[in-house]
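Below you'll find the structures, each written out as structure tokens.
Heads up, the next two complexes both have chain A, just with different partners, chain B and then chain C.
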Partner chain A sequence: MTHTLVDALKDECYHNSAIELLFQLADDDFILSYRGSEWLGLAPHIEEDVAFSSISQDTMGHAAMFYQLLQDLGAGDADELAHVRSAGERKNAVLLEKVNGLGTYLAEPHYDWAFAVVRNYFYAQAKKIKIESLKNSSYQPLAEAAVKVSMELYYHLLHWKTWFTQLMDAGGEARTRMESAIKIVLDDLDGLFSLGNSGPELTKHSLIDSEDTLRAAWVNRMSPVFESVNFNIPEKFGMKNGNGRNGEHTVDLKSALDILGEVYNLDPAASW
Partner chain B sequence: MVNTVSIGQLTEEANYDRFMERIEAGEKIETEDWMPDEYRMTLIKLISMHGISEIMGALPEKEWVPKAPSLRRKLGIMAKVQDEMGHGQLLLRVAEDLMKPLGKTRENIIRDLLSGDLKFHNVFHMEAKTWGDAGLIGWLVDGAAIITQTNMLDASYGPYARALKRICAEEVFHAQHGEAIIMALAEGTDEQKAMIQDSINRWWEALLMFFGPGDASTTGTSKQDTTIKYKIRTKTNEELRQDFFTKYIPRVLSLGLTLPDETMHFDQDAGMWQYLQPDWSKFKQIIKNNGPKSKERLRLREISYTNNKWVIDALQN
Partner chain C sequence: MLKDKVLEALQTVKDPEIDSISIIELGMLEELDITPEGVSIKLLPTFMGCPALEIIRKNVITAVSQVEEAENITVQFIFHPPWTSDRVTKIGRERLKEFGIAPPPRHIAETGEWEADCPYCGSTYTTLENLFGPTACRSILYCKSCKNPFEAMKPVSTLM
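Coming up: the complex of A and B.
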């Protein structure tokens, strides 16, 4: 049964579930967009800098859209939700908060392009699957947002897939680096599919497909790609550093949030 | 032997005359056309410096991309910085085409940047300490860039003129983005107002330097005569600086801000703004990569270059 905003506001249980899911979606994009913008000016070549920053910008746009849906549901002001909530309140997958490499974006950023490619590719595919599922979400405003996101996501996915196959096929040092990046990403990949403690509720309300369905769809889409680059993926993925959907996070998130909210928090009441 | 040389010289001379006739007539020179070496070298220097400045110019603003104080501002500054990288890309392609006959590529441009042989614009050696600086860069640095770039929109070299048309159209949005940030601060709390005043005070000298020295007497060399001769630009550095004053001083003052130069005034008789000259010896130091942030920003490019070498190698396989 589809729910409009008005319907959702009337049904408390449904309302809470919609908010829960939207936090997961918004926080995922918000933090990954940040990790992407840290790469600005540091990508392997200028063309990639332009393309990657365009992707990060789209991703921030998606986060803004999801925070806006939260605001509409009465969860709070969109900017406040993005800039003030502490690490423990965030619902993003831990994989997405992980630093890009050694150093900070301001000084000595020794970032790992292999990790960037693998994380972004695996995420873009997982997001694509979620967005496909959300197009049929019972929450109508979210289903409409999913259509918009889907179009941009198509290019993100294509972009990262190209990098992934190119570097995997390059052999030598590139292959070695890519394989170690894959290992790191797989260790926390399951966090992307997790819907947290309230997962069963979300699925019950037909807000999104179940974790198992999402994961299986990912494996299904990715298998031919892995096969084409001669790589065997393990049967099980990890959540080594915790389940972000339940508020478990690493120190990487805390420092990122300090930066993201630095100016906003100088004076949250001011208009910027 | 003697004969061949003199014929060659004559042809060269005839070519030159024909070339000058063409640009005098307002025709555009294209990449494959004959051009004097001085013209080619001047363009390579100018356009690679412009291109690399767009790229280095993304760095001070990049510092503020994640910190931008709202989702809307985050999106705005991300779009702007992406545009700047795009300008860099577009311009480096124009420069690369000009360098081809010399057997040089983008690799040379990046190496020259890292070695200090290729300079980048003085403003991008400066520190962007606050969110106010991020706003000021968009408002006044992009504003200044619009003035210098508009001056070359009709450049005799076609590919550069066409690139500038695209760039200028985007720069207008950048200046609006900057102005919106500044307006919000100017209408905000006392702290926010103080933030922009502080930015103006710190950036004023760099903004004066933006247009380059008035003539060669201040810094030893100046390319402006050559670029005017070849119709790459029309106005002198000083004329551009005056245009900037005319456009922006009233706006700055109308926001209730002050200029850190009490002598600044419009001299009706001379028809010019009178102002305190910046310290041009400092300018020389800055563009020699001895500015406040020169080394750190070059270091970022160097890290990108070395850390990603394996990627470039893999792509070339």
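Coming up: the complex of A and C.
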């Protein structure tokens, strides 16, 4: 059954589920967009710098829109939801909070481009599958937003897929580094599909498809790509560093939030 | 009529990044509602994370405020219906070309590939250099006929 904002506000159980899902979606995009912005000026070439920052900007736009939907549901002020919540309150998948590599943005960054490509490609495909599911979400404002996100995401996916297949086909050091990046990403990939402890509730309310359906769709969509680059994916993915949907996170998230918080607290009224 | 005057004012609000085209020609105006309470304007953002949105909001309010009877002006960005590139008007497509930007292609192949004609010489002999141009809504192409690089507005459709 379709729920408008007004319907959702009247049904407490539904309301809680919608908020839960929106936090997962918003926090995913928020933290990955931040990790993307740290790459500014460090991408392999100037064109990629332009493209990657454009993608990160789109992604932050999606996060802002999800936080706005949360604000509409009475979850709090959109800007504060994005910037002021502690690590334990965050619902993003752990894979997305991991640092880009050794060093920091300011001091000796030795970021791993292979990891960036694999993480962003696998995430873009997982997000695309979720967004397609959300187009049929029972929560009407979310279903409408999904249509818009989908169009922008289409280009992100195309971009990362190109990098992925080119580097995988390049052989030599590129292939070796890509394969180690894939291993690291697969270790925490399941966190992307997890809907957390309240997963069954979300599915019961027809807010989004089940974890199993989302994961199967991902495998289905990715299999031809893996095949084309001669790579076998394992049957099972991991959640080695915890399930972010349930508030489990690594120190990487905490340090990212500290930096983001510092900037935000300088001028909470500034538009981002 | 007040509505015509407001529309005229909106026509003067240009895309901050392409100052030859107005927000109306871009197809951003979804709703203009004039009631005794005031003027309510609903716009569709071309891309969600577009940093120009706040500038556009400000410029719309400034422009419409010039209309004498217009009071209580509100500008809202909404996502539904989504902005798609086929909303760019016929005049808008011409304005983009004047600016050296190829209008968004109308045809997208099933593979997702698309082509844009060169805005300078009209040649179809072009290649896509970079999907992501200086802003989210533009890509960079190269014309093999007149050997000029150029930008094209990305096609965006609900089929994507």
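Convention: the second predicted complex is superposed on the first by the 265 of 272 C-alpha atoms of A that agree within 3 Å, B and C clash if a C-alpha of one lies under 4 Å from a C-alpha of the other, contacts with A are read in each partner's own complex, and residues count from 1 in each chain.
Throughout what follows, a contact is a pair of C-beta atoms (placed from the backbone, for glycine too) under 8 Å apart; a residue touches a chain by one contact, two chains touch by 3 or more.
Since the model is a prediction, treat every value here as computed from it, not as a measurement.
*Asks:* Regarding the shared-chain residue A:125, is it in contact with chain B (first), chain C (second), both, or neither?
*Replies:* In the superposed model, A:125 contacts neither chain B nor chain C.
*Asks:* So, A:148: does it touch chain B (first), chain C (second), both, or neither?
*Replies:* second
*Asks:* Does chain B (first) or chain C (second) touch A:241, or do both, or does neither?
*Replies:* Neither: A:241 stays clear of chain B and chain C.
*Asks:* Should A:60 be classified as contacting the first partner (chain B), the second (chain C), both, or neither?
*Replies:* A:60: touches chain B and chain C.
*Asks:* Applying the document's definition of touch, where does A:50 land relative to chain B and chain C: first, second, both, or neither?
*Replies:* Both partners, chain B and chain C.
*Asks:* Please tell me which partner, chain B or chain C, touches more residues of chain A.
*Replies:* B
*Asks:* When the two structures are overlaid on chain A, which partner does A:158 contact: first (chain B), second (chain C), both, or neither?
*Replies:* After superposing on A, A:158 lies in contact with chain C but is clear of chain B.
*Asks:* Using the superposition on chain A described above, determine whether A:194 touches chain B (first), chain C (second), both, or neither.
*Replies:* neither
*Asks:* Just to be sure I follow: which residues of chain A are touched by chain B in one complex and then by chain C in the other one?
*Replies:* In chain A, positions 47, 50, 54, 57, 60-61, 64, 271 sit in both the chain B and chain C interfaces.
*Asks:* Using the touch definition from the top, list the residues of chain B that touch chain A in their complex.
*Replies:* These residues of chain B touch chain A: 55, 58-59, 62-75, 78-79, 81-82, 85-86, 88-89, 92, 131, 181, 184-185, 187-189, 191-192, 296, 299-301, 303-304, 307-308, 310-315, 317.
*Asks:* Give the list of chain A residues in touch with chain C in this complex.
*Replies:* Listed in rising order, the residues are 47, 50-51, 54-55, 57-62, 64-65, 141, 144-145, 147-152, 154-155, 158-159, 271.
*Asks:* Write out the stretch or stretches of chain C touching chain A in their complex.
*Replies:* 47-51, 54, 79-80, 82-84, 112, 129-136, 140, 154, 156-158, 160
*Asks:* Inside the complex, what are the residues of chain A that reach chain B?
*Replies:* Listed in rising order, the residues of chain A that touch chain B are 34, 37-38, 40-47, 49-50, 53-54, 56-57, 60-61, 63-64, 67, 78-79, 82-83, 105-111, 113, 166-167, 170-174, 177, 256, 259-260, 262-264, 266-267, 270-272.
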